[in-house]
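Two complexes follow with chain A in common, the first pairing it with chain B and the second with chain C.
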Partner chain A sequence: MSEKSLKRARLEPGRAMLLAVMAFFFLGFFLLAMKDGKWESFALSLIVPAIIFVGTAGISRLFPSDRLLLSLTNFLCALGVLVLYRLSPQRGLAQAFNYGVGVGCMILCTFLVRYIAHWKWLTGLMMLGSMGLLSLPLLIGSETNGAKNWISIAGYSMQPSEIVKLALLLCVAYLLSQRKTVWTVLFSGACLMLLMLQKDLGTALLYFCVVFVMLYAATGSLPLVIAGVIGGAGAAWAGYTLFAHVKRRVAIWLNPWADMSGAGYQIVQSLIAIVNGSFWGVGLGLGNASVIPEYYNDFIFSVILHEFGMVFGLIVLCMYLFIIIRGVMIAQRSRTVFHSLLAIGCSALIALQTFVIIGGNIKLIPLTGVTLPFISYGGTSMVASLCVIGLLQGVASRNAAGVTADRELAMYGGEQP
Partner chain B sequence: MKHLQKNIRRIAILLCALFVLLASYGAYSISTYGNRWFASSANTFARAKKKDVIAGSILDRNGVVLAASENGSRVYQEDLAARKAVVHAVGDSMNNVNNSAESFFATYLYGFEMSFLERAGCALKGEARRGDTVQLTIDSRLASYVASIFPSGKAGAVVVMNYKTGEVLTEQSFPNFDPMNITSAVRSDPQKPFFNRAIQGLYTPGSTFKIVTAASALENLADIESLSFNCTGILQLGERMITDAGTNLAEGKITQHGDLNLKKAFQVSCNNTFARVALQLGDQRLRKTAEQFGFNDNFLFRDIVVENSSYPTANRNEGEIAWTGAGQSALSVSPLHMCMIASAVANQGVMMEPRMLLAATAHTGSQRAAFSTRVYKTPLTKERAAVLKDYMRAVVTSGTGAAAQLSGIKVCGKTGSAEIDTQENTNAWFVGFLDEESSPYALSIVVEDGGGGGSVAAPIARQILSWLLDHGY
Partner chain C sequence: MSSEAYEILALLMRYVFVIIGLIIVWRSFRWLRRDARSYQKEMRSLPDAGLIGEIVNLTTGQAQPLPHEGLIGASRECDIRLKGAGIARTHARFEFEEGKGLRIIPIRQNRVLLSGVQVRSQGYALHGTQLQIGDALLRVRLFAGLKVPYPAAYPEPDGILDSGAYLESWTGGEEGAGELPAYYLPQENQEEDFVPYETGTVPPGAPIEDYEGHYTEDGQMTWQYAYSLDELRSAMDQKQWQQMQPEDTAPDEAEGLPYRSPLPRRRRRERRE
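== the complex of A and B ==
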């Protein structure tokens, strides 16, 4: 079987899936367009499938990539655009733009991982840059919801901690692959301190868990696990006693119904929206989930459950799970410690972030202000999430290159043709 | 590299477990609490949906229409006194009353239980959808009677239930209000007329809790029935002093009961003896019995929402434990739960789940839902239930509850005069039941700031029980 026909045969199911995803969103936006009759809606019904096409089929033309991973990611991103557009057209259009930019950045990240072989100087640079970026909100930031983690430059606001996430993944993976555990701990500790100073405890928790997972992957030592758990518990206790807004959130989590029109309003409305949706949802465009404050950001998953129902919610959850499992597989197959750690870090980041925010939505854990990857409204968050997938794709394409090399080696017995 | 792959595998399992946790917690909490969330007055979505549906009627157990939809608005019984009497059980169209039938059964009343086919049928015929008719276990006539004899101007609650089936005949809270004319005076009333004291009001049980203390003593202390106690009127424990009703140290009055056994102490409601029994039992054993009776449990009854009762779990000193035995000190319980406790004694130790919904019927006539009776807990053995029943009988024949006596009928009960904070006044309690095979009814009465349970609440109980017997119950 020639290389080309082999490739085609392998791609068939992927192509069918891509078509299904594109059709889903074409119909979704078309439905909204029939309802409101606006030209933007009709335009989106073509633009969003087009971005999906570029984001999946387009990328796999550039370099070998994991098409299942791409299709799922694009589905979730487009779902975010759809739900946001339905609730607030302005935010939906902005999110479509973010999505487009995000796909571009994703490609860029894939190229970086694919073609950069020497990370030493780059890592040093990124570590310095991260410190600088994380210090910015403390100097010129603005406070929202008790945390001071946003900066605005020339009318554009952004959350540096989202961008630093990527640097954190790359730096920690590199440092650990060089067995520089002390540096890892110092760097991530410094990042955590800066986040604590910003009072952005949700992100701090996420950083901590991701670094911890990567440390465990690299060393596998039991004392480290115990130290990490104790350290995490200690930090959580310190956060609880030091910060009033953490105490408040824990109290709301324990019993939101005690003050259901005041402090507990958000989570109560989220739970109510979920049960109103029931199994099959109230239908796209027929719900009223915008009564939940921050519905477009922290509570976007509740909106999805409300309009599409619990069954669909479970499917979305499975999509995240598949993305993570794909990520783990990429990590297992990678040829260098650095790439393996990078891939498992990326998977863990997506998994933990999803868990923390959905857990907050359904009252499993106290609510933290992290975003739902790919779906939540926000440029920085969207770009960062897609970049994480870009990093994963980079590792995947390196793995594929390795496999091809192996095959050639087997075919020609080590001699180049 | 090998190690790395093994570690990654472990991490992968952990990450997958997190997702399984998310899904299973979500499924668990929605299946357990979902109907309560849906019924919440904060559910604006359901409220908006209600506009498209003709809400079903609410009937009482005899078919009297308590609420109906007429020309798009909700109407209640014509008679003012009658509609006020059942207002907390039925609710109002604005959902001012939490967890009333109007809100908790909204899923039936507003047709949310309709199948897709039924909805499609209505849409095809161009008819408005009709919600289901809901029949409650409430008796409207009984409610009106209770409202007519409850001390006017007082706040409080009355619950009557069938202790064999758990059907609630009435659950009323005072003061009540007119659901068809909610004035600003009602909204700003400091006595909070919207608040349903029968199921949401948490009270100190006072001496009615001695049922639980006695149950614990019978279970845990051998020969407790043959022991003799000596009540000197005052029991000093650290800084706290246990005294009996009527004692006023400033005036030099001290109530003393002298030598007595457990039954006699129960009959005259001797705090001194029950304090000592509680100390002998210890906090742990007393708490265990209280929890067998449903304290500290998360009540998740199918068709009635009852506030959870609590027995303090923190470490406590002797004085507090002693007062707990007599029903004071940080205990809290709703009138409905207290009625369930009396029911358990009456029903040979078996506590039935309370029920409010008799049936929900679709407008086509097919039955949508009907719940069977269900046992909630069995806190007592038959033998101990019989002993306690005998004690409660003695309270009415020749004890503090004599005012509840009916000639020729076996009435059992327990009075309580629960101290409110440190005030002079007390909440008057009476819980009791008819020990008659053909009339298995238990009741619980609280009159806030009413005075003595024996003098205020017991006569109300007698009147209600006699009404029940006169009206074929």
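== the complex of A and C ==
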């Protein structure tokens, strides 16, 4: 073997991938800096790869963690910062800050799952807290796009349903692991009811599907699946008949061209941007995707397809797919029912959220107001998505500790002397 | 940079971004595949991974691997599946707690006896603890090296199983150490970890009434009823054990009693039917 190939062999997969991810964003921000000549762009070309390095290599030094998951998550988060910075530098910088905060919260969540052994009291507290948080928008919230799901405290706006998502995952996983199915149904039903009152149907759909997946994973009961499907279909029909904005969205989805300068403007512009991008995209910094309303939030995937092309869009989809597969692998390897269900719930949440919003962008399903995990603009969304990865990392970390303990038990009959 | 030059550069960079993206995806795919393979390989080398011991059915002699947590009952979904009268589909839950033992939680007030005492809300089983679920008599056997409390003498209630009588006769009960029955004594030059008999007929010289109801129809006695010296040692408290030791035994040797089960690590990943 030549010296060159030996060196290549020594470069482990994690390090090589980390280098590729860092190189991507260095080149991306450097290219934007060449265009606008701003010092912020040059600074970001160094800061973002540095956050990626800390968020991947640094965390895996703190505790045994899943570096593949970290690398892919960091890539998607940094891609969001890059795209947002290109279209709106102010939002891009804010998103970079959110990304840094999100990494901190991710580490916190990992520690929680890794070190907390008893969740009984915490689950009770989280259930009460979730009810309180979800009630807040009904009392002091403001209405946006037909849904009253935002609150503003001391100048900061936030969406409580994003935070409650984490509590839902933890509570449902704990309750199901203790075989408290009735409590699970009551708690998730109460959450869904509050979301319906807020008219936040996209998030309600997400909650319903995640709880349904977790219930099925915990019980494997076929009657439950049938009841869930019937219940879901009934709720969808009720939503369609009761809420006018749902009817409008379905009509836009069926034929956006009927009112292309009015209600269908958003989706039509999105489709035009995707088609303009074609296979290879129009080039970073050369597109005009900012004509799409909500380009920074709901339609960020269309912006990616426009500037980077459909081939790159498929690459991004593959990354989401790998994150989900990894989550399922973590669930399969976990030693306890609680951790297994938690990992399944986290994977299902990312999978469903990605499907719902990307499906809406490409006119596969009616558009709902959920964010694209890791990429869409928004502090709460970014922090919540990274916390979900933190929960997954915590389970992965416990799995690694379990395998080490098994190895020690097999070799030394207990802890290594 | 002029806008024309930037345009050319950005158009070229499209392909660079796609190539780097493809490299990341390819690397991730290989990473996933390699990791899955290496994990499977590791699990093959650790057949007891994820297990904490086994539960032995004292009626049938069958042993089932014991995971960290799960269900006991007659249903197919149960991790420890039992058949017999008085066993509910999901009879009880169990979960291992480090430093405490195996927590047994009966479901819907099902009847579970832990060393002869009925469990109301929950109870902890240690290595050697006897469980009664319906008609099934079970013994919990935990791996050596797990962080669990030192087990007290096996409390065997009357009418359930009289194997405790062996200990009583051997240790002399509360009054002090008695004499070891002949059939428990290891032979000369025997290895320390020798297990007197794993399966076999009732040993010669053993009082047959002690085995009443414990040997199978063909006269074979299941190995679970025999105790090795280590097991007996772990069943007694340290004071009793010290009293049993010859005078020249070093005190630190006698005190530092390791809690080690002679249970062999077996490959018993029996697929559930």
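Throughout what follows, the second predicted complex is superposed on the first by the 403 of 417 C-alpha atoms of A that agree within 3 Å, B and C clash if a C-alpha of one lies under 4 Å from a C-alpha of the other, contacts with A are read in each partner's own complex, and residues count from 1 in each chain.
In the analysis below, a contact is a pair of C-beta atoms (placed from the backbone, for glycine too) under 8 Å apart; a residue touches a chain by one contact, two chains touch by 3 or more.
Just so it is clear, the structure is predicted and the values come from calculations on it, not from any experiment.
Following the overlay on chain A, a side-by-side fit with no clash is recorded for the pair chain B and chain C. Once chain A of one complex is fitted onto chain A of the other, the partner contacts of A:Phe312 are limited to chain C, with no touch recorded for chain B. By the touch criterion defined above, A:Ser397 reaches neither chain B nor chain C.
In the superposed model, A:Val337 lies in contact with both chain B and chain C. When the two complexes are overlaid on their common chain A, residue A:Gln159 makes contact with neither chain B nor chain C. Of the two partner chains placed around the shared chain by superposition, neither chain B nor chain C is touched by A:Thr123. By the document's definition of touching, both partners, chain B and chain C, reach A:Ile325.
Here the apex is the CA centre of chain A, and the angle it makes with the centres of chain B and chain C after alignment on chain A is 130°, in steps of 10. Judged by the touch definition given at the top, the superposed model places A:Gly359 against chain B, while chain C stays out of reach. After overlaying the two complexes on the shared chain, residue contacts for A:Gly220 are found with chain B and with chain C alike. After superposing the two complexes on their shared chain, the closest approach between C-alpha atoms of chain B and chain C is 6 Å. In the three-chain superposition model, chain A touches both chain B and chain C at residues 220, 325, 337. Residue ranges of chain B in contact with chain A, taken from their complex: 1, 3-12, 15-16, 18-19, 21-23, 25-26, 29-30, 33-35, 37-38, 40, 42-46, 48.
Those residues of chain C that touch chain A in the complex are listed here as 1, 6-7, 9-11, 13-18, 20-25, 27-32, 34-36, 39, 42, 46, 48-50, 67-70, 77, 90, 93, 95, 107, 143-146, 260, 265.
The residues of chain A lying in touch with chain C in their complex are 13-14, 16-17, 20-21, 23-24, 27-28, 31, 34-35, 37, 68, 71-72, 75, 179, 220, 280-281, 283-286, 308-309, 311-312, 315-316, 318-319, 322, 325-326, 329, 333, 335-337, 402-403, 406-410, 412-415.
Within the complex, the chain A residues that touch chain B are 213, 216-218, 220, 257, 260-261, 265, 268-269, 271-276, 282, 287-288, 291, 310, 313-314, 317, 320-321, 324-325, 328, 331-332, 337, 340-341, 344, 347-348, 351-352, 354-355, 358-359, 362-364.
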